[in-house]
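The next part holds the structures, each set out as structure tokens.
Two complexes come next, and they have one chain in common, chain A, joined by chain B in the first and chain C in the second.
Up next, the complex of A and B:
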């Protein structure tokens, strides 16, 4: 009896171990395959039968997309990268400032129509990007701000606000309200009480909300693909399409650009993962 | 007392309201109006011709529209359910892991950082019939045939679903894991002492406790439900012969390729209602679950 119980336990342990391993492989392999392919020459990528063990890893695809000769597969990576960086950073900062005000209002005050307004903000986020792009395209064309950084920043601020407010609301709720009152009794103005007492306590959470906003802007495609035209405002996700022509796709170059796009996102997410989960769950469960 | 025209919360929320009104609300009103006109980008004067619900009538009689609508609904339902189940499974596995849990959690968040467009491209590469990883692997294992993953209707939908599920399961997994880690030990101990089987414990204690976390995940996920557009657009662009067309690819085709803005806006409105339906449904569930947890103020 004891023995069979023991074997069963070991058996279960192995099952779990194998299951975890398989799941993790399924998560990692697609990404790793892209990274690997970005270092492989086209001959190997296109080889039939497939070459499994890389014979010749090099930086040719990266050199090609950064080169100045379009015939070599060059792509204006620098301007895409710059546009992405400017648009994502600016829109994140603005969304954080406005979102802090909004989140604070939701966390600290109760007022008429609060739930309705919160739901309204959330619903504004559900509008599919492609559906929103149609009227925005018409308005932007009239205003002459198609293919400008300003136009994209404006959109991404609006896109990020609902979620930023939700997260920041959650983080401010975790800061006890009494602290603010205590600070005010000690002679702080409400403004000082906020910046000197409440803000520092919610700071790391707010930073992770910012990184989430940054990632959304960094990765957005549906709106950017319709409202940007040239190197003036095209972002990296839209630039990815430069590698597709009518009948062929430059897989190697595309993989290289994909790696360039994913590295900043990876770094940022690792920094905030802890706060992010905490913010989402506390904001949601203990609302 | 100083008289205030605007109370502090309204004042604080004003900037957010203005921006969202300017970028979302007003354009949506414009697109609602446009959906009642035969507006074509090539002929600006058509913006002022009112044709009533003719665009909507045309859509309701269009076979392709209904096919796309139904397909969108089915794809979303399958994707959300599978993502939820896989997410739950993954969370339980990682929660049970004795060592290296931090590393596993980090790996689990991996797909969240991938832009949907990147996911689409990545799986287009993997499912490519001549150079793709999947076919190469199958052929190395001795298969003679070339499987046309992205050309055959059902296989293409399967490939799209795979990409979609790969990219979104981690949202569920990470939030459900947060729930699992926050679960109080006492009821679990009590159940064990009272002789519950592991399954009973899971079914009657763990699962109810996880419900709010699942609904948060569902709500967050359904907020951005249309990201599937990016994936489909790059993997098949609705092809072959419009057989993987979703509402969203159809909107972009008739709006930008055929320049038929009026009709596209009518479709866009229907897609917005669909999104709102999904979000509202889960949001209501989330609110109920929150009240159940006794945390609501």
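Up next, the complex of A and C:
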């Protein structure tokens, strides 16, 4: 049977919509389920057969985790949040600063051992973090930096740096070198040429590198669960473990804390995303 | 305005010398074009003057000062890059005023000078646009504007027209020449295009393999090329060549057996028995019945390969002495490929080059 061009187009359009819907469902439904579960009583969360349509939505789990009674399921949310924020922000800033210097050096200068060093950075990404946890634990124990913000910042800077350098290197490579030279001829010191011309053009790339580094540090669990002990340095992902006890898991509380953890990350991504739109370098030089 | 002097300037990359101790003096307000094939060291030389390349040996002077160790910002030069190098995140006005802002000029002064440059280059309507919103020619103009607002001692142009299409290139060439006549700043201009060199330069510097081969006015270089390389490089269409030996009585015997009679002064200059390369420009050949050239002529015959009609004239290509020659035919008529034509050679304008040294005799 011949299918007309118009029918075929509509058919394809529907296929695309259904495909997109299925893909988005796979991504969003678990997240949505966490958000929903944080507002539902434990009975409903654990009900068999599952209750698909929420019957009773309330803030009980939130109230409980923020309460002062550990028996009610209270956890030191503020301490965890504070630790997470300090550790993720500081490690991201340090990774960006070093990453910018490193990425710029890799993009602009040639030096001995450059390729080997770059390969080494990439190879370091192939080692699963958890495999390092035992040696790290021993080294950290000797140095006395277990359960400190400093220790966590250090490990996250190390974890993020190779990828940050790699990303930023790519963005600086897109900025034509002639722009720096033109700026120097226009009277800039090399430092001014960097800050006034090259940095603004690579800004979007640096912002995206920053988001990646922040989210990695914010969400990291494996190493943090080994190297933190108390409210002195425990981060939100490790805090989720507080809801598991010998015989039960407080799913509702866990979901509520997970939501508290997701919101800042989402907000940050939302705020920075307009900087992620690349393409600013277009037009400066002949394309 | 300033003079620029190069004294034994060398550029070395590791063990390899790319510029071999060149000397050059450029006068106040002069328009000098460095021209040569790619890899001849012309751009490297320009970049050494700008301060973008380190100078490995010798001295570069701007005015009376040796600038070898000065960073680009302290040399008071402006440069127009091949790919324009406009700052993509700044508007045209900001691009133009950037150098003045860095120099901490007053806002009024910046505005005045930007407006002045914009007026010279006709950028008035484009001031608020970003470089990405401009056409190639407009970007080129902004790049020139950015160079002139600073009132530099020297303008440096690094193949500024090579990214433009043919029509725009011709137009911008005229604009650059007009600009120079207006601002009268010393200009050093790099190109590989001999037509740009001929049309723009007060003096042309021809470079090859990191050496300066010849320096002279366009006409001087065209009429008196120092060697075979210059003769072939300058002039369009390129010079016709044939090999031969100078015999007795001022006769030049070509490899194909033809004998031409040299003009008396040339016959006196070139010793008998010298192996030479004969060079004849297309203009110094006339097809029989299509114009007469000079009083001292020799006649040759050749079979036509093809003709290229250009309107008021045609280029006629023919096989001669083992290579393809070309001549201009004024008041053109139809010539069929394969037709044998008679040509008159203006023997007063021919060039002879030593076959071994390639130097002009």
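We adopt the following convention: the second predicted complex is superposed on the first by the 250 of 287 C-alpha atoms of A that agree within 3 Å, B and C clash if a C-alpha of one lies under 4 Å from a C-alpha of the other, contacts with A are read in each partner's own complex, and residues count from 1 in each chain.
Operating definition for what follows: contacts are C-beta pairs under 8 Å (C-beta built on N, C-alpha and C of every residue); 3 or more make two chains touch, one makes a residue touch a chain.
No experiment lies behind these values; they were computed from the predicted model shown.
Among chain B and chain C, the chain that touches a larger number of residues in chain A is B. Of the two partner chains, chain B is the only one that A:269 touches; chain C does not reach it. Residue contacts after overlaying the shared chain place A:143 against neither chain B nor chain C. Judged by the touch definition given at the top, the superposed model places A:102 against chain B, while chain C stays out of reach.
Within the superposed three-chain model, A:189 lies in touch with chain C and out of touch with chain B [touch as defined at top]. Judged by the touch definition given at the top, the superposed model places A:181 against chain C, while chain B stays out of reach.
When the two structures are aligned on the shared chain, A:197 is found in touch with chain C, with no touch to chain B. Within chain A, the residues touching chain B in one complex and chain C in the other are 280-281, 284-286.
Residues of chain A touching chain B in their complex: 16, 19-20, 23-24, 26-31, 33-34, 37, 45-46, 48-50, 52, 98-99, 101-102, 104-106, 108-111, 114, 117, 119, 121-139, 154-155, 157-159, 161-163, 165, 215, 218-222, 226, 237, 240-241, 251, 254-255, 258, 261-262, 265-266, 268-270, 273, 277-278, 280-281, 284-287. Those residues of chain B that touch chain A in the shared complex are 7-10, 12-13, 15-16, 19-20, 22-28, 30-31, 34, 89-90, 93-94, 96-97, 104-118, 121-123, 125-126, 130-131, 133, 136-137, 139-140, 166, 170, 174-175, 177-179, 182, 212-213, 215-216, 219-220, 222-227, 229-230, 234, 248, 251-252, 255-256, 261, 264-265, 268-269, 271-272, 275-276, 278-280, 283, 286, 290, 293, 295-297.
Those residues of chain C that touch chain A in the shared complex are 50-52, 71-73, 77-79, 81-89, 98-99, 102-103, 130-134, 136, 139, 146, 150, 163. On chain A, the positions that touch chain C within their shared complex are 176, 178-179, 181-189, 192, 196-197, 200-201, 280-286.
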